[in-house]
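In the two complexes that follow, subunit A is the common piece, with subunit B as its partner first and subunit C second.
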Partner chain A sequence: MKKNEPQGMSAAPARFKVGDRVQVKNMPNMFYTRTQNYVRGAVGTIAALTYQDLIPEDEAFNYDGRLEQYYIVRFRQKDLWEEYPFENDTLQTESPDRWLEPVNH
Partner chain B sequence: MNTAHKHTGDGHEHKAAPMVEEITDYEVLEIAVRELAIEHGLFTAEDHRRFTEWAESVGPAAGSRLVAKAWTDPAFKARLLEDGTKACKEIGIDWAEPTGFGTPSDYTNFRVLEDTPTLHHVIVCTLCSCYPRPLLGMSPEWYRSTNYRRRLVRWPRQVLAEFGLVLPPEVEIRIEDSNQKCRFMVLPVRPEGTQNWTEEQLAAIVTRDCMIGVALPRPGRTADVHPIHKARRPVQSSPQHGRAAE
Partner chain C sequence: MTSRPELRQQYDIIGSFQPALHLPQNWNYENPAPLFRAYMHPPHDVGGQQDVPVHYEEKEEEQWELNTYVTCEVLGWRGVWTAEERRRRADNDLGYTLYLGMPYYGRWIWSAARMLVDKKHISLTELLEKIAEVKARYEKK
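The block that comes next holds the complex of A and B.
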């Protein structure tokens, strides 16, 4: 989706596609983030590519950094919470490219 | 802290003190920024009042119509799932309105989550209160509460059960945490017993809670009603009161 894209800025190419396994990085919180603690370090699957936009860590301070691809990432509840008792339940949340790294298994 | 309520010695003294409403730092910040913006002529106090009243007047009716249309028109449903923002225009909802960039913080990336007999979606914003306001209006108070936000991601089945929705373990519950710029709404499964219903009849059973995912639509359920506990000692009606009302 291009409708939110600030004019005249180019985006870094998307590194992931639907179905790719990714791990959420555990980077330090510098002033502002929208990446929740409960997904840090967790492994999930790319469920959708959504749009390209500034990252919240820049945008919160009105800094025009580069645009990044955003993804909806799907996790198994069992992978997020210890002793989660229901096998099938899942959770989806959104993440910009830089918070994700590839998982090769 | 209320320091006016003092218990001194044997006597129980109550000193009169002005009532002060609790206000958060963020509310103070909002007032400060708003007053600065008005002072600098970015908008007027009248603009602000009109916009606030407009935002508060938006209800969930548009969302109900959207679901009813998707249930009765498979081609529309396909377009809705493909590009939610674009499909909304077909029912007269433009996410960019009224500012050109949407209602504040709603953005224009709207995605519909389609339930199936084996998959049930429920939405939350663990960060704060992201909600598809152009379609559903302002979110209910509980949706913004820290309790709903922290517990739904950790104990979804227990939270749903508190809303009266108990789902079998074989149904996958999928929590959608709208923590960035997408906004989500649930498209529930069309319930049994609604064959040949008109869009209008269908829309009546698609309540706000069904589109958040904490309730399921069914014939006869047309409001998100929580049980009302009657007073044990109700107000006594008297003949005078009865006549005065006539």
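The block that comes next holds the complex of A and C.
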């Protein structure tokens, strides 16, 4: 747990496990976010479950009530940048649960 | 009083802050969707943007930078703000011109001062008077 994290709060259960395919939600972008513009709408794979923490868009404005599971999501570089020259390279970034949707294929 | 040449120089610099995307008028009546999305984009999300190669250089932290870091962390330990609020203020709220133009820790201390005023821990009047007082003290030395 990080130093200032509220103790004893329980997060909603993790919806995803390692290996699940997920799509990043393409939400409106204004004021603050930790979800990069270039992963919005992209499909990736859950590489790891990291920790539970506050939602960035809440915490940045002092709404501190809700904890969520965070994940490392792995994308193919070619899925993000079609001109990317190497077939097998990947990019990993971190996302809280609410930014992800299940992909059934 | 600021000398007139100094004042003219300040106004010339401020004039050059005009957005690099020149449009026939400011405060457009309408912005097409791609332009609107670009305006709404948070400045700190820089990934994927084109840039020129930048010379990499190892720079030692200066005393004022260390002081700034400690001040901001202490404000966190005292529950005055969180790191996420600091990022929101120092990387986004200050806007592109300051985001790109200020030193890294300059943005931290700008955002700490702004936050203390916003949350009524110190009024802007008190802050201005304190800065003027300290500045005068240093000028005497």
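FYI, the second predicted complex is superposed on the first by the 98 of 105 C-alpha atoms of A that agree within 3 Å, B and C clash if a C-alpha of one lies under 4 Å from a C-alpha of the other, contacts with A are read in each partner's own complex, and residues count from 1 in each chain.
As a working rule, contacts are C-beta pairs under 8 Å (C-beta built on N, C-alpha and C of every residue); 3 or more make two chains touch, one makes a residue touch a chain.
Nothing here was measured: the structure is a model prediction, and the numbers come from that model.
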| Of the two partner chains, subunit B (first) and subunit C (second), which one does A:A60 touch, if any: first, second, both, or neither? | second
| Quick one: subunit B or subunit C, who's touching more of subunit A? | B
| said: If we overlay the two complexes on their shared chain A, which of subunit B and subunit C does A:V103 touch? Say first, second, both or neither. | reply: neither
| For A:I72, is the partner it touches subunit B (first), subunit C (second), both, or none of the two (neither)? | first
| Touch check for A:A12: first (subunit B), second (subunit C), both, or neither? | neither
| Taking the superposition as given, does A:N88 touch the first partner, subunit B, the second, subunit C, both, or neither? | first
| request: Considering only touches as defined above, state whether A:Y51 meets subunit B (first), subunit C (second), both or neither. | output: first
| Which holds for A:Y32: it touches subunit B only (first), subunit C only (second), both, or neither? | second
| Can you pull the subunit A residues that subunit B and subunit C both touch? | 3-4, 36, 38, 56, 81
| message | Under the definition above, what is the set of subunit A residues touching subunit C in their complex? | response | 3-4, 28-33, 36-38, 54, 56, 59-62, 64, 81
| field | Footprint of subunit A on subunit B - complex, ascending | value | 85, 96, 107-109, 111, 126-127, 153-154, 156-157, 169-182
| field | Partner subunit B, residues of subunit A touching it in the complex | value | 1, 3-4, 34-36, 38, 48, 50-51, 53, 56, 70, 72, 74, 77, 80-81, 86-96
| For the subunit C and subunit A complex, residues of the former touching the latter | 37, 40-42, 45, 47-48, 76-77, 79, 82, 84-85, 87-88, 92
